[in-house]
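Two complexes come next, and they have one chain in common, subunit A, joined by subunit B in the first and subunit C in the second.
For the complex of A and B:
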């Protein structure tokens, strides 16, 4: 593709659709607010002020970004291979619990960097472990991973709650939670800020995944599996193992995100603690059009939404749930935008004339699953 | 024919129920129907025969409202009609049963039949039940109408499909390859039902390439070839010629005048050692049927072995077995003296077996990826495309540019999305990709399907050159012309078996045609 074509409207369209979807979601959300007698502009001003402009807000936004980046990087691996890992939340919780237990157990007895590393590995192992059962069921018995990963979330909620109330409970506390990692043993701040270094871990995660898909055989093979599974079989790829490994990796990243939150902010795992990044990550990764590096700006955007949204009940009398509604609206608007974009491609193709006569009808409509949702990356 | 005519004429000849005249239909450069006529009489079973690509299905799709003809007319009961959609066809009394059934498996028989009938929003099942019960009994379907369709056998489901269209007042019943999914006893059952429908005055059309079945069941046969009418046999002519005579006439019409062996290419009498061998291999198809039965064949270095046959007789499965893409249930695959049975695509491909699939968009290429990525797809984990874990993007691009140049693939660049290329150029790229791996055995399924003449000739010429350079080529094609043109040996596949093998010197087109249409049964009968 030459430079001019790259700069022409059509190749910018993918991001344009995402941005349009976000704008439309704000407009529709605003109408909802007005219809309920709220001042939409005021509410949005609070949202932006608290999430972006206000100094504490910005710090909070950057803190939130860390798990968002890590979880989304993992989810991207799965989705690029057309594996729907709905079990992010469960994998996150198991990872957080194990990291909390390992961290609290080791803190004080080993140097902190070693403790963080071991706790992070425990978190990764926990998330991965929680993805093993769905991955095996998917590869061996062709069970739909959407169902199994989703159901594993419920199992995770109760298993982690039981562990936090029983075997791993902090004996010195009444509350059902794991022992606390002392404040001084938590992850350090990035110099000059109050944001812990988890943000850097998050950015590295995204870059690693970007390199994975850009430059490695493994990433290439996952892309083929995701775009045309039958072509992958035809080319002799071990399709089952590839898809299974994508699910495991995705779980590992979710577990790492759990470890990151425990080591950086929480210091412990409380029974039933579930920040619910999974759904947000889905919205995020789709709006980033399965493009790895685009995850970074969108993660920033969603973090600011969550942080700003937290201030909305007090400052604008709008419930926090409104932000979730906005996320949902974005996805719906995004789906509409993608549809319009496809129509646009068809129309513009007709106007410009096709590059060659096509005999078979199959050639012109051989578009399926993720095709069209993706920007070329 | 006027209404005032005396009724002394034999009833079926009286007045056509459907008259299609001068039907033209073109798809891109392909003239699928070229001034085709088809006349259907009430109370008659009419077989439309022809090879793949003869235009049968196009003609039926025009009658069933799926396609609009480019020109020509359709008259129903003498009145000109336009059939804009399948639902309009149904309203006019023309019902179609497709090869792939349209029943909902977890709804009951009665629900499936009633579905879509104009009963308002709420499905009123009791209203149709009486009528349906009568139909069911008449169709040898002694099942409870509340049985879910998924519990029925394929043959029973097909009857439900037929009942479904009859229930909507169908007078013209189109059946597309109705026997392809049936067991022999189910075929007999279907034919009894078709005879019954004929008694009731329904006009039945079956599209088929199975000659024996057409002769078994039909009163009239229309033969298409290359999109044109080439012959029609009415009831009187069939009776007069007798079964063997009619068969002879039809085979001649379908295959007659075809050159026995086109001398475009040099003959290759001397062939090398056996490179690949299938020993009594059996395998299942996607629907769980036995697609390949006890099939044996040997591929020798330096030859093109053509597999002739009507589509759906196991060709696709045969290609996939050799490529390692389909598991066998018994038998052995020997390549270069070693056992490669069920070793998988990756192993066979590395060992030197290449496979060019007929399903270009479905499995041949990855739609969202570039020409360069698709060109490297099968060898991405080998040098020079990757070093260990990492891709060599430069090598991938250079490889694509070389292949584009060498095979004159028309594409703006190696970076272009593969979906923007025409079918012919995608085919060239797939051929280039396979040959670049330097395989010793090349299996290709319908390599020229849908291509323009020039590209098709290029593909055929390339395959011939590959064989001449000492490789073994298995050419699977439904175009008999193509197989005759370049093969050194020809095997005829019928029902998952190679029924006969011919050397180039002893090719007899009509025998091949008969074997393609009827299998061994016809060979034995004509020998007797």
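For the complex of A and C:
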């Protein structure tokens, strides 16, 4: 029974399901808009024009892509090992804060590339730090990581706000924020564009994760743990350590994404700044069918969705929250698509004359998560 | 006796009163969630259901100026999302975590959209007047009297639900079926229990209670709606259900504990103890994690939690 291999290899059916889910979500969203007295077609035109066609918007989309790619690459590591890291937002915030502090402190006194590297390491350390708690609780105390990573998000909001108001506050400003990294010390643009080089870091992150899963033993072990935790335990895998390390790595990537946004765009960390990439990344990685390289086109898609969504209130009288709703709808439609896909497999196997009782898998999301849940809750 | 010019009895009364009020949404959501979890459903959509309960409850209460309609609307919203959850996870057997998070994201987006669109994001309050009942004599007891026996009628009703839910879970045929379905759906099915139906009913109950919890928060307690106002209380309720060992009585105790933890921060600030608001805000989230560490090992998880049921497949 090798459903997951089938899902993660690039074949047409899984991608078709994702695309169908997205189309269905747009249709349902459109009906919702019309029912709500809006001009759905106009709203969608604004959404696509701004993020895709308009040159300015395209730049914004590519800028947004950088954190999307990094966060999703990390989340993929966790999800492939059936570790549910819902704490991306918290890890991102702590990473962003530490990177902002380190960057502002060093800028001007050391060469920029060195400053960027140290700030990136600070960001990674921040993300790791925030993932250590749920990882330890998961491995040592068998606490369900879904709940603990979720709760750590809320703790992060308060901790970072406190740090940005207190010890790390810019003394020259009234607003609760870390000192600013001067504009000339931020990440440079990719030649010929106005997109900072964070996008390249994002692409590299995805490629690194792809290599991790395609050609390393460690990646293979994570996949085994993710696919069938019980089998991994029987085979003598250090399952706790593998799952814990997947959560930590995932946190490290989230922290790096935070550093990337601070060094490339924000220049500082403001109290309560939380772009909330976590849930978007979750939808993204699922729709990409837990396939590392598919993250790239889907990251582009979700980035322009977010960028386009930002201009919808002004130009189409549609609140930005519509995009979040659309993401939820996509996942709901995706759930239905996964079911239909499973039925389709059953029917096609039956047509080929095989007994169908061996074909239908117990779970249907593409991740054998449930054994993990059972063991860790 | 006074500290910093504040009367100690007044302070304790206020703390107890706020603590118990904050505990109500938690206990409501957790009570419903016991049935979902006992039936084998891990409902991560609870946050979205609660938030929808807040918004639709508030919306109805704002227009009708009636607490009852507000609560009913909130429950209906919770129920609708719960039926969607049950359809996808019980009927179509799609992964529960995926569906749960999808519903939470959808709920957050939908309520944010509607609030911006219908109210322009303005903070308006619902002109509701919840009925209060003052129980004579008991309300005159110092400290506890005013906090416990001079409250909204609804406040008493919510706490009365604890024994009701304990009774339904432990002493009725439905409760027995729910527990059987969550422990061993195959045995339950063999014994003639309709697993699918029981899971649907348990989930419907959980959704209604999550919506009720949200509506209580927005309509009866705060009388306003703000975007994302549940700030993780749904997830906290989920955790309380677990650390309460799926027992309504222990859950009530846990919810009170976290309500008080919430209120403690506010109260400390009032009497001028220098605790920063950020630390106060973290209390419940850190507290629940500590409680999970301490209590987690002693609880036994429903064996089929999170596992879809398909006849004839083991």
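One rule holds for everything that comes next: the second predicted complex is superposed on the first by the 343 of 377 C-alpha atoms of A that agree within 3 Å, B and C clash if a C-alpha of one lies under 4 Å from a C-alpha of the other, contacts with A are read in each partner's own complex, and residues count from 1 in each chain.
One rule holds for everything that comes next: a residue touches a chain if its C-beta (ideal position, glycine included) is under 8 Å from a C-beta of that chain, and two chains touch if they have at least 3 such contacts.
In this text the structure is predicted, and so the values were computed from the model without any measurement.
Asks: Please indicate which partner A:148 is in contact with in the superposed arrangement: first for subunit B, second for subunit C, both, or neither.
Replies: After superposing on A, A:148 lies in contact with subunit C but is clear of subunit B.
Asks: Just to be sure I read the superposition right, which of the two partners does A:282 touch: subunit B = first, subunit C = second, or both, or neither?
Replies: After superposition on chain A, A:282 lies in contact with subunit C alone.
Asks: Touch check for A:165: first (subunit B), second (subunit C), both, or neither?
Replies: In the superposition, A:165 contacts subunit C only.
Asks: Check whether A:84 is in contact with subunit B, with subunit C, with both or with neither, and answer first, second, both or neither.
Replies: The second partner, subunit C, only.
Asks: Between subunit B (first) and subunit C (second), which, if any, makes contact with A:218: first, second, both or neither?
Replies: first
Asks: Comparing subunit B against subunit C, which has contacts with more of the residues in subunit A?
Replies: Counting residues of subunit A touched by each partner, the higher count goes to C.
Asks: Please indicate which partner A:326 is in contact with in the superposed arrangement: first for subunit B, second for subunit C, both, or neither.
Replies: A:326: touches subunit C, not subunit B.
Asks: Would you sort A:227 into first (subunit B), second (subunit C), both or neither based on which partner it touches?
Replies: first
Asks: Can you list the residues of subunit A that meet both subunit B and subunit C?
Replies: The answer is residues 357, 360, 362-363, 367, 370, 374 of subunit A.
Asks: Under the touch definition given earlier, write down the residues of subunit C that touch subunit A in their complex.
Replies: Residues 42, 44, 48, 84, 88, 92-99, 101-113, 116-117, 227, 231-232, 235-236, 238-239, 242, 276, 278-279, 281-282, 285-286, 288-289, 292-293, 296-297, 301, 303, 305-308, 310, 312-313.
Asks: Using the touch definition from the top, list the residues of subunit B that touch subunit A in their complex.
Replies: Touching subunit A from subunit B are residues 27-30, 324-325, 344-346, 349, 355, 357, 359-369, 373, 377-378, 380-381, 386, 389-391, 393, 410, 412-413, 415-417, 419-426, 450-452.
Asks: Under the stated contact criterion, what part of subunit A meets subunit C in this complex?
Replies: 36, 84, 86, 133, 137, 141-144, 146-148, 150-155, 157-159, 161-162, 165-166, 279, 282-283, 286, 313, 318-329, 331-332, 334-336, 338-339, 357, 360, 362-365, 367, 369-370, 373-374, 377
Asks: Spell out the residues on subunit A that touch subunit B in their complex, using ranges where they run on.
Replies: It is residues 1, 215-218, 220-221, 223-224, 227-228, 230-231, 233-238, 355-363, 366-368, 370-371, 374, 376 of subunit A that touch subunit B.
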